[in-house]
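Same chain, two partners: subunit A is paired with subunit B first, then with subunit C.
Right, the complex of A and B next:
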């Protein structure tokens, strides 16, 4: 168990380190280096001495642009591991971390609730699809689900905005809450938050419940054909016992893993959906940083999103042996090698959140 | 050919897959020959903007007075090129890495898989957006490379798992006894056995690439120049398509084009799945 844990911790740290390295070199080594760009921009504006320019660049990127590359790199990595991502270019004087911290709750509210809703809907529909494959409901639903899972989420967002917000003015299309409510724990504010989140949530759920249903259907179908289910039935166990203890629990295994993995991708927010609804979450911040070439904010968002994914993958690794003890037994190594790892079971794990 | 006969039989039984195949064929033909029939200019043509559907303009015109249908036709080629090239890269890297890693085994396998795991963990879409915003390319091949930067990892893992189980099979032992080179072992012995899985992954990789690529254009992260469906949606949104019903067709036509292609690809890939996976046919 300890060895297993140590390996996972090491892997998580290495991944974060690689992502930090990638983002350092991406900003600095690409053609049209944004740091030089910023320097040139400041020089053009005039009225500032070269020293001031350097100071400003250093404040924004957290490193001296003039030093040797390896020194810049070490400073950058050190800063990031201390939680210092530099200042935002667009909002001078505001730290990247504080901007991200203010965006995070909105993403968690929006995507978290949508994730749970689509997960539950997916479980129910998936079970019905697997248990009664010949019913009319299943036939219609299979069509609907496979159609929806092929439709890009940003298109659903556009259609919803068009039909419900612009034509009929049923829902607001920007912001997370209305300006005339007082942020805090009071009823009008919470109501306003839910009201503003309704359309983006709907867009998210419509896009992702199909993938959950198909995953659950696959999972239940596999379990239905398993020998231990047949054995349980042969032993004369009641239908309810078989469904709940034998089928339900085993079919839930991969689903729980997928849910936990999705929680990580959740912090990436639904980039498209947040952008279209101008919902001030992490994904929205990422895109507005990209559009205004605010590289320090952009890289901060990207690194934080990755850390969230890494951490939740790590949590999955922690809970997985509890849910499925076979993982830790050496005898099961072979079956684990031939069977796809939990993350790979659902290629759409990220698609559900994109 | 026994294989084609089998395929045709399955397609005939599975009507959605058959329709999907035909739709894909039409898109491919449009992408290849569309430029002979349709023309789009960047200059505004006076008095032609926002026309409704008519015989001359079956889907109306856009804010510049261009025929929407022509733009859809012209826009097919860049979207398809990027989708297919990106899928080819994903498949090539994924299969080569997966087969090699699974076949070689040992320390090298462990190392390659750890690297693959890192790429699996990094959230793909944010990474693609970040890279695309820094590189800012109009070259379809560079765009395709950006789109495939993390997508190969999942395939590599799955292919490796299959290679691992194939490695101990008799025909590999037979090949080893004959002292065949490693390239032969991987290319001629292992590859045909993972072929079916690869074919399906190819179609799904195309859908993934088209999804991300159009998304980049819609968000305006990739440079808006030329004509493709994503740029059409982007321009329509920026011209206020959401606030006037006049440009509804201009906004929804490219969306319909994307959805139709994506759905066709998914349904067609299911027929392939059935063809290669006889167990599915019984169910």
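Right, the complex of A and C next:
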């Protein structure tokens, strides 16, 4: 077990290192740099001559990172493994980690809660769809979830903004909380946060629960056809026990895996939704960093997302044997399959029909 | 095998679970609603305000920001904001709190006083000096008096930030607490220096004095002396940067842009109450000298996506937006009768849009070719078809003379205007021009004298919708004429860099810079110091290709001026010629431009902003005067209120 853990940790570190390396060079291959971006922004504002713009930009940035690229790379990698992600290029003096730390809670709130809600809704609906495949509800709902899964989330965001914010003023359009509240663990602030997150969450949930539903439906349908379910029913086990122990638990396995992996991707935020709602999460920061060629912030976000995905996969690998002991060892799995349980007794016909 | 669960116990349990879930959901909704009602909402309340609507001297303490704040939508800020006007990400609308000496309200200089006094009550302009008389009742929001020491610090901090006004300064002094004198170099035009000095943000010495090194005046003067702004060269610019003065400036400016003062101590009518990723809230400060005129107890600035600003405005969720350009249908919807909105369209004295042709790409170095293109492009049709036309970018460029149409009317006489070539659409004329320089037409396609097809690509910056449309429409005109034209979209982050490097054969941009007199605009386009630039820089050594967007010159025969170096002559005029000569030089350069067409003017872009009267009323009339208060860096609502506009309903 220890050897297994060590190998997994080593693989995770290697993965992170490879991603850091590839990202470092790829972002620098992008056309443009932070100075050029800022020059373009200032030129669009107008009213300032090109010479003044250049002088202002040089004042802001001083000298761009110099030296051979390989040297910059080694310096950067060394700093990263010491926890120093450098300063944001577009925000001189502000550390990348502090910017990410300020954005992360908003992403966790928005995407994390939305993920859980869409997961739960998806599981419930998917189960119903599998349980009652011929019902009207199932037929209608299958079409609805298929449609919603295909609709872009930014389209839903625009519709929600128009209907619920512009036309009816039910929800705010922008921001994470009201400026009139004092940030802290108090009811007005928490209420304001949830209130501002309601529309972005709704947009996220509406487009994502469909995928969970369909996945759950497929998973349940697959399990329903399994021999052990028939065997359990044939042995006269109660419906509840069959549902929970045999169907539910097995159908949930791939869903849990997907959920765990989704948690990892959660740290990338939801770029479109956060952009439309001007919601200050990581996705918003990332897209801003890409547009403005803020190399440091871009790299910081990429590294965070990589670590999150790697760690979530690692955690899945660790907890999966707990959830499904069958995969603990191939040998034990084989022995369980081949040796019938010695105490199993076939119920009589009366018990099967109870 | 179908899955049917007939377990009555599980049915009852399921029903109970559903009931519990419903109850929990209902309680959550009620809780959220109750908390939200006490936590505040930025949504519009079209029922109007409370807390003293309609009259002066409204106190913020008595007002509810949810119902009385003047809400201003602006482009969402990318990352953390900083309470420093010199930072790349300053707190949005910090000019509600930090004022300048005065606000430029009219670019029509000389003439009537084009400024609204703020920190400076008045000023005297001498032959080689300017004396500012500060308000005696101006103070900082920490109740300390605002004195000449603060103004000097502000001037010096601007100098550390490479403000080129210091090139014209020989000495600054403060004879007393409310007087500041600025002595100018003998060659400097005082009105030019005044314009720049008045726009410097006045920051407190108590916070920004740390970035002013000892003997800073000498440092700044030495730097610009080495730079040699009247005739800079690559060598002089490099020496200025690498010299002792340049190093001091570089070190201090790097520290300056990183500074984040907390709190932000302002001198204006609003105090920063809170600033974060969700918005910026300013609260009226009763210590402002004109507090009685300030009718908005709060100003709330919201980060908005440009696609949501229209909806927010039309629904009354915000009062003002100044950074978006709407299409005609949207503008018409905002201006329709009965709507609580108004779309302001002011033909702009800046932002003339032009098609930039690069002389290093054959055959654009041939004058007749450029003239032919100008005859083919139907500019009047272009503005009608682009983004809906009339309301957005009318009128089209009436006469290509290199300056905005509205500036041309001020600096050129009607006779002069009439003498210029108006380049009306005339494909026959265009054809004869091309044939006169050896072009031929084969199978409906034009061939260059070299025997190659006349073909090129128009490179547009992605993300500017009307530029995208312009490119396609212009390509259509030229294709119909027989020139093979393609259009490509280029990443906006790199577009201007590539443009100035001369990578594009044909591109598009806003080709005047709002520098004031037309010569300054000509100079901003053709008189820059160093490369890359729009045209040959002043520091051009005469060797090697021009890494620039246009490439005409570097010398030219200008009617009335003779044979001149374009960049040097324009630079000289801007820095040394008094206002009474501007009309003369404008006419000279207009004639040169009209004939040579270094770029092809298309239309005059308009200044746009839009406001809603859902909560506030009595907005000022649409006029250039109010346009300039916004364009030159002031917070418009402040100027409006100080001049009796803007009332809470």
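The definition used in the following text is that the second predicted complex is superposed on the first by the 286 of 354 C-alpha atoms of A that agree within 3 Å, B and C clash if a C-alpha of one lies under 4 Å from a C-alpha of the other, contacts with A are read in each partner's own complex, and residues count from 1 in each chain.
Going forward, contacts are C-beta pairs under 8 Å (C-beta built on N, C-alpha and C of every residue); 3 or more make two chains touch, one makes a residue touch a chain.
Bear in mind that the values here come from a model prediction, so they are computed numbers and not experimental data.
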Most subunit A residues touched (candidates subunit B, subunit C) = C
Using the superposition on chain A described above, determine whether A:158 touches subunit B (first), subunit C (second), both, or neither.
-> both
Figure out whether A:310 sits in contact with subunit B (first) or subunit C (second), or with both, or with neither.
-> first
Quick one: classify A:83 as touching subunit B (first), subunit C (second), both or neither.
-> neither
So, A:236: does it touch subunit B (first), subunit C (second), both, or neither?
-> neither
Is A:247 touching the first partner subunit B, the second partner subunit C, both, or neither of them?
-> second
Scan A:278 for contacts with subunit B and subunit C and give back first, second, both or neither.
-> second
Given the touch rule stated above, what does A:224 touch, subunit B (first), subunit C (second), both, or neither?
-> second
For A:93, is the partner it touches subunit B (first), subunit C (second), both, or none of the two (neither)?
-> second
Contacts of A:194 with subunit B and subunit C, given as first, second, both or neither | second
Subunit B and subunit C footprints on subunit A, overlapping residues | 31-32, 158, 161-162, 166-167, 275, 291, 293
Mind listing the subunit C positions that touch subunit A in their complex?
-> 1-7, 9-10, 31-32, 34-36, 38-46, 65-66, 76, 78-80, 82, 86-89, 160-162, 164, 250, 253-254, 256-260, 273-274, 276-281, 300, 302-305, 307-308, 311-312, 314-315, 317, 350-351, 491-497, 500, 509-510, 513-515, 520, 523-524, 528-530, 533-534, 631-633
Across the complex, what residues on subunit A touch subunit B?
-> 11, 14-15, 18-19, 23, 26-27, 30-32, 34, 146-147, 149-152, 154-155, 158-159, 161-162, 166-167, 221, 265, 268, 271-272, 275, 283, 286-287, 290-291, 293, 295, 298-299, 301-302, 305-306, 309-310, 313, 337-341, 343-344, 347, 350-351, 354
Subunit B contacts subunit A in the complex at 114, 117-118, 120-127, 129-131, 133-136, 154, 157-158, 161, 164-165, 204, 207-208, 211, 214-215, 218-221, 233, 237, 242-243, 245, 248, 251, 255, 258-259, 262-263, 265-267, 270, 283
Would you mind writing out the residues of subunit A in touch with subunit C in their complex?
-> 31-32, 36-40, 43-44, 46-52, 54-56, 58-60, 62, 88, 90-94, 98-99, 102, 106, 130-131, 133, 158, 161-162, 165-167, 169-181, 183, 187-192, 194-196, 198, 224-225, 230, 238-240, 242-243, 247, 275-278, 280, 284-285, 288-289, 291-294, 297
